[in-house]
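Read from first to last, the chains carry the letters A, B, C and D; within each, the first residue is number 1.
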Amino acid sequence: MENLIALLVGAPLLGAAVLLCGGRRLDKAGHWLGTLLAAVSFGIGVALFADMLGRGAEDRTLYQHLFSWVSVGSFQADFAFRLDQLSMTFVLLISGVGTLIHVYSIGYMEHDERRRRFFGYLNLFVAAMLLLVLADNYLLLYFGWEGVGLASYLLIGFWQHKPSAATAAKKAFLVNRVGDIGLSIAIMLMFTTFGTFAFGPVLANADKASEGTLTAIGLMLLLAACGKSAQVPLQSWLGDAMEGPTPVSALIHAATMVTAGVYLIVRSGAIFNAAPDAQLVVTVVGAVTLLFGAIVGCAKDDIKKALAGSTMSQIGYMVLAAGLGPVGYVFAIMHLVTHGFFKAGLFLGAGSVMHGMNDEVDMRKYGGLRRYMPVTFVTFGLGYLAIIGFPGLSGFFSKDKIIEAAFAKGGTEGWILGGAALLGAGITAFYMTRVMLLTFFGEKRWQPAPDADQVPSAEPAAEHRAGRMPHPHESPKSMTIPMIVLAFGSVFAGAFFGLGDRFLNWLEPVTGYEHGNPPVGALTVTLSTMVVLAVGVAIAWSMYGRKPVPVVAPRGSFLTRAARRDLFQDDFNHVVLVRGGEHLTRSLVYVDHSLVDGVVNGTAASVGGLSGRLRKLQNGYARSYAVSMFGGTVVLIAATLLMRAV
Amino acid sequence: MNPVNYLYLAALLFTIGAAGVLIRRNAIVLFMCVELMLNACNLAFVAFSRMHGNLDGQIIAFFTMVVAAAEVVVGLAIIVSLFRTRHSASVDDASLMKL
Amino acid sequence: MSALAAAATTTSTGEAIQFWVLAVVAVIGALCTILMKKAVHSALCLAGTMIVLAVFYLANGAYFLGVVQVIVYTGAIMMLFLFVVMLVGVTAADSLKETIKGQRWLAALCGLGFGILLIAGLANAKLTHFNGLGRVNSAGHVEGLAQLIFTRYIFAFEITGALLITAAVGAMVLTHRERTERAATQRELSEKRVREGVQVPPLPAPGVYARHNAVDIAGLLPDGTPSELTVNKTLRARGQIRDVSTEALDDLKALEQRSAERLGRDSREEASK
Amino acid sequence: MTFPLLTVTAAVPAVGAVLTAAVPAKQRTAAKWLALLFSLATLALAVLVAVRFEPGGARYQLTESHAWIADFGVRYELGVDGIGVALIALTALLIPFVIGAGWNDADPLETNSSRWRPTQGFFALILMVEAMVVISFEATDVFLFYIFFEAMLIPMYFLIGGFGDRAHAGSDENAAAQRSYAAVKFLLYNLVGGLIMLAAVIGLYVVAGNFSLQEIAAARAAGTLDMATNTERLLFLGFFFAFAVKAPLWPLHTWLPNAMGEATAPVAVLITAVVDKVGTFAMLRFCLGLFPEASKWATPVILVLALISIVYGALLAVGQRDIKRLVAYASISHFGFIILGIFAMTSQGQSGATLYMVNHGISTAALMLVAGFLISRRGSRLIADYGGVQKVAPVLAGTFLIGGLATLSLPGLAPFVSEFLVLVGTFARYPVLGAIATIGIVLAALYTLVLYQRTMTGPVKEEVRTLPDLRPRELLVVAPLIALLIGLGVYPKVLTDIVNPAVQHTLSDVKKTDPKPEVAVEAKNGEAVK
């Protein structure tokens, strides 16, 4: 059975290779091939899952060793896979949601001439992501980690002719590279500490190393996670990443890739467990990000950017949970999975809305769409209820547990973290209600599509529709079916996982579990969450539901303006990093030219000047040369005589 | 009189010849100055021969004469062909060695 | 000969007188060689010096060399020089004006230094003991030379032989111009002249101005300037053309002056008209 | 007597050079095919060398030794260790691509010029360089090595100065002046390095009495050859200086951007991917082998210089406006990594450095050759003159991107393995330096992606609109390089198996062992747990 693991990665990888190298003749069938191979991967995943359920909890972990990858001295990295409950969860999520989004993209990308390539990139992403979660050592994980980064780069910049898309892609890759420094240093630290970086030996022996080393490793892993999962302070790329086609935002920048950081922290749980300081930092990062993302999400008028802020915030929840240790690991992953369903659903819904609205992304120009797009409305609405944690839906089960666990941390920390999580839940309710109201309710605020070249993030098909009023319509079946499937997940996954502790029992052997006791009692937490949620919805309704919404955004308060600008994070980056970097490189170019090269050229110039003067002796007259020869002879004779005299 | 005076004379003639090479521009005169230097050397060799009491010096002088003859033949031929092409016998005109 | 053999540190009075007289002659000859303006004079002065040297060879017991010096050097080589001087122009006087900056000063400095050093070196060398050639000449002077040449110096001798032959061939190669194509006939030449149209009639004769009827004087054109064409190419190349154009122009001016005086007119008026 | 395989491997391109040069002026195509044939023959021989080489066997294999200049103890001694085999393979591998990429670069502009034979000369010089580089990798006699190390400059000088990039911003005269400036700068820098090395070579002879690397190293190890500390240090510095110029190490690097900018793209590849490797190779073989103590003495300074090279080269690459100069500065950064790995004195560092030499050769070749194709199409080297190429020439853009990704060491492509090994090897001994060096990986991403973004993406520029995509010949040159990048990235074992034993020997030269991990772990990997 374990020999099938490689096929999980292999199938989409084959798809990527065929689609990207195949050339134009595959244009007709390429998307079918890509979807099929993603589905094959999902099928194998299901088969392995069934097999895994058939075995006892202790021997559910499978290994597959392919070959020795890098082997120098004691540095041994194998190309080996490890399939345990944790990776199984991810495999099903990735290949399942991945397949759905492949199907969705068939319709969504129908008019794009480069659809074949799009599917190639999607397959590449699925392969890399599966490699990431299946790797048996950190170096192979790094391989997958960068692989998804590459896929993300290619897909964000898929519409490369738009400078904004190309810039966003570059930015995403660069910010991730900063995070990669963390991952590489963490691996190096593991190597110098344990002499290996395979999961088994490192995690089994984690407690033997000194706490300082473990804290360092933990912080470096956190840096990596921050990059990939868009956590403060490396969150700035995620909003821009919405330049990519919407299916990409759904798959990569909502459901799967951005959660890789959570996977990394949970996977390295043994290290974090032994490094409380690192854990504390993780929780702080999670709490800050969940508020940050939520605040940003409140102010954005671009539907995808609002959802991106939400994603950031939800991942903040997961990171917070992961930082709580064994109390929270399971819930982090659970929220990750349910979030995968409802956030993918929300993004696909947003894509469907844009599809019907001339690729308009400004929610202020939507309104009243529920009658024109019933399926989208319903699926989006279910996703909305799930994300705000409406009782009984997915989000309720997973998010509630996280808030509970945060309070259970105990002490002042527990109150602060729990309070932040609670506040975040309220803000979530506010901004998601805002999205909902702006998009589907209220009066129509539709605007004619601007000229193609002025569209800020227009997709290529926009060129044909310039200047016309939108005619909202329901999307084709290939798009609505995935949305419906995901809506099912959004509604029922939480209850399925949460009731009877199914998910807990499934993951516990890998991640471990401790029950945390919140100081106020679980029911109190749940009830207060409900209250906060109701308040958030009410405020949103009072602001956007009761009165008409202006098409052009009002100036707003300072906080609103700050949130629109991502709380000035980009401005800070621009001033400090970009400008500073430009000045640095420019001055270095100058230094290289005038100083480093100048010293050498100066020497050369002085030698040149001297020889230029000496050259005048070479006047071409034989007699002049004869004089020098004769003079030389005289000097020689004089020298000889002098030497003899001495 | 000490026969070493022959050597002083030879040195003097050699120096005069060398100075001639340096200051004259006519290639023919230049060659004559070279001949003068060679002759000065010959005189010195002959004087040395007398000093050492063997004939080697004279033989060297003899060879010098032969080589000088060959040199003059070739040198004058060069001057003639040079004159044919450049219409001048001045060594300064042949300054193509200059850049 | 016995006197020579006996001579260790001094020579006979006769030789001394001969040396002092002839040495002066030799030095004067050498100086004249480098200072004479015309190459012919230089050559003659050099020949003089060489003959003096021949005498010195004889005085030093190098009889064979002395004779060779006169016959080969002064006789043959100097004649070669004279031939070449005649070939490239007897009257081609060498301007003694120095053109290279500082050359003469440097040459003088070097020469002076060289001379002083050489003489100082000789003076320091303590060359006082002269063995004389008595012993080696006992079996005959020429025989002694021959014995050395054909034994110890045989290779050098052979090589100088080769050198001489090479030099002879080399001189021929350098000066010889092979005629590679058939000489053009007179007909072809005239046809060529017409075709090119540069100078169809025969070249104008030199010295058409009656007072100077000579081959080295360029004929004057009507405006009084000399025409290069009228003088032989070789003379032109050697720069041996006498220019009378300025004289002619002056004469012309004088003539006009005189005629103006005779006619009582102001030449300026004439000009302004 | 056994078959002199190493001599033949070096001699085949030399013979090829002579024959190519002798091809009549009109038969340009024949000259090209002849050169390609000989380079492929060399490749076959190099493969044979790699096959005949036994990784577990003696340190130097396939040795040949003949007396040469007996009076000075100079011998014609050849032999390869794993590092040499890897680099010979790299050289022999890249030259056919260089020839293929430069197929039309040296054709005379006027087709009727019959006397001047640039094409023949171009390919003959390339083969000549190959022969000299190969023999430098083989020589185990210091003097023999020195001769070819220096002689290499002559054909390189003519390749840089004689066959410039036709795509130049300024006028032809200006281009010629720039080119000759670059060629002279290249020559002078390397000559100065070479002269200092010559002094050190002579000094070594005075001290040791012969030039044989193996004998001297053996005597050093056995303690029969004592060098005064200062003598050893001076000699080390003499050698190192020459290699650091060639490598090039900051601050001796400024010749490289000029040379690579002005030369044609294939020649630029030849410089940075092949010729410069002799410098880093020689550091491993000669500096560490002959002067172990001095090497250890100089390590801190060299490591800091290497670190400066990494960061400085990358920052300057970001600031460049010329594509080829950008690649040159990127190479300076990469050479910093190689030198860092060599002087970290760990098995990971040195194996990584050796792998890095090979991988950098392949990745730079891929990037530079594609850049060359691009430049020859548009006729400009300025980044600002491009934009949106991806739209009109997707295959070109795709290969360019893969070359760029290799340059930024993306996992899955060959350079990642080597870069990570260098970093780990450095980190194991000098954690702070290793951590600082990781800045290089961010900067690498910055300059590569900025380059890609500015040239390939965005709106299509008017002048770019008509650029053709890669032609079959060009694709044939690039595709195998990309395949190699992926192959060596996923399965680098083919190289590490050959290189590891040689690195162990080198480490034993300097009497260094890998640092031990903090915690002893029994189970090595997942399988043991199962």
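As a working rule, a residue touches a chain if its C-beta (ideal position, glycine included) is under 8 Å from a C-beta of that chain, and two chains touch if they have at least 3 such contacts.
Just so we're on the same page, UniProt names per chain: A = NADH:ubiquinone oxidoreductase subunit L; B = NADH-quinone oxidoreductase subunit K; C = NADH-quinone oxidoreductase subunit J; D = NADH:ubiquinone oxidoreductase subunit M.
Source: prediction; values computed, not measured.
Contact count check for A-C and B-C (C-beta pairs in contact): higher for B-C. Measuring from the averaged C-alpha position of chain A to that of chain C gives a distance of 97 Å. Chain geometry summary: the mean Cα position of chain C and that of chain D are 66 Å apart. Measuring from the averaged C-alpha position of chain B to that of chain C gives a distance of 14 Å.
If you average the Cα atoms of chain B and of chain D, the two centres end up 60 Å apart. Listed for chain B are residues 18, 22-23, 25, 92, each touching two or more other chains. The set of chain C residues that touch two or more partner chains comprises 100, 103, 106-107, 110-111, 114, 118. Every pair of chains meeting the touch criterion is listed here: A-B, A-C, A-D, B-C.
Those residues of chain A lying in contact with chain B across their complex are 615, 618-623, 626-627, 630. In the complex of the two chains, the chain B residues touching chain A come out as 18, 21-23, 25, 91-92, 94-99. Across the complex, chain C is touched by residues 619, 621, 623-624, 627, 630-631, 633-634, 637-638, 641 of chain A. Contacts from chain C toward chain A in the complex involve residues 100, 103, 106-107, 110-111, 113-114, 117-118, 120-121, 124. Contact residues of chain D toward chain A in the complex are 188-189, 250-251, 253-254, 312, 315-316, 318-320, 346-348, 351-352, 388, 390-391, 398, 405, 410-412, 416-417, 420-421, 423-424, 427-428, 431, 434-435, 438-439, 441-442, 445-446, 449-450, 452-453, 456-460, 490-493, 496, 500, 503, 514-530.
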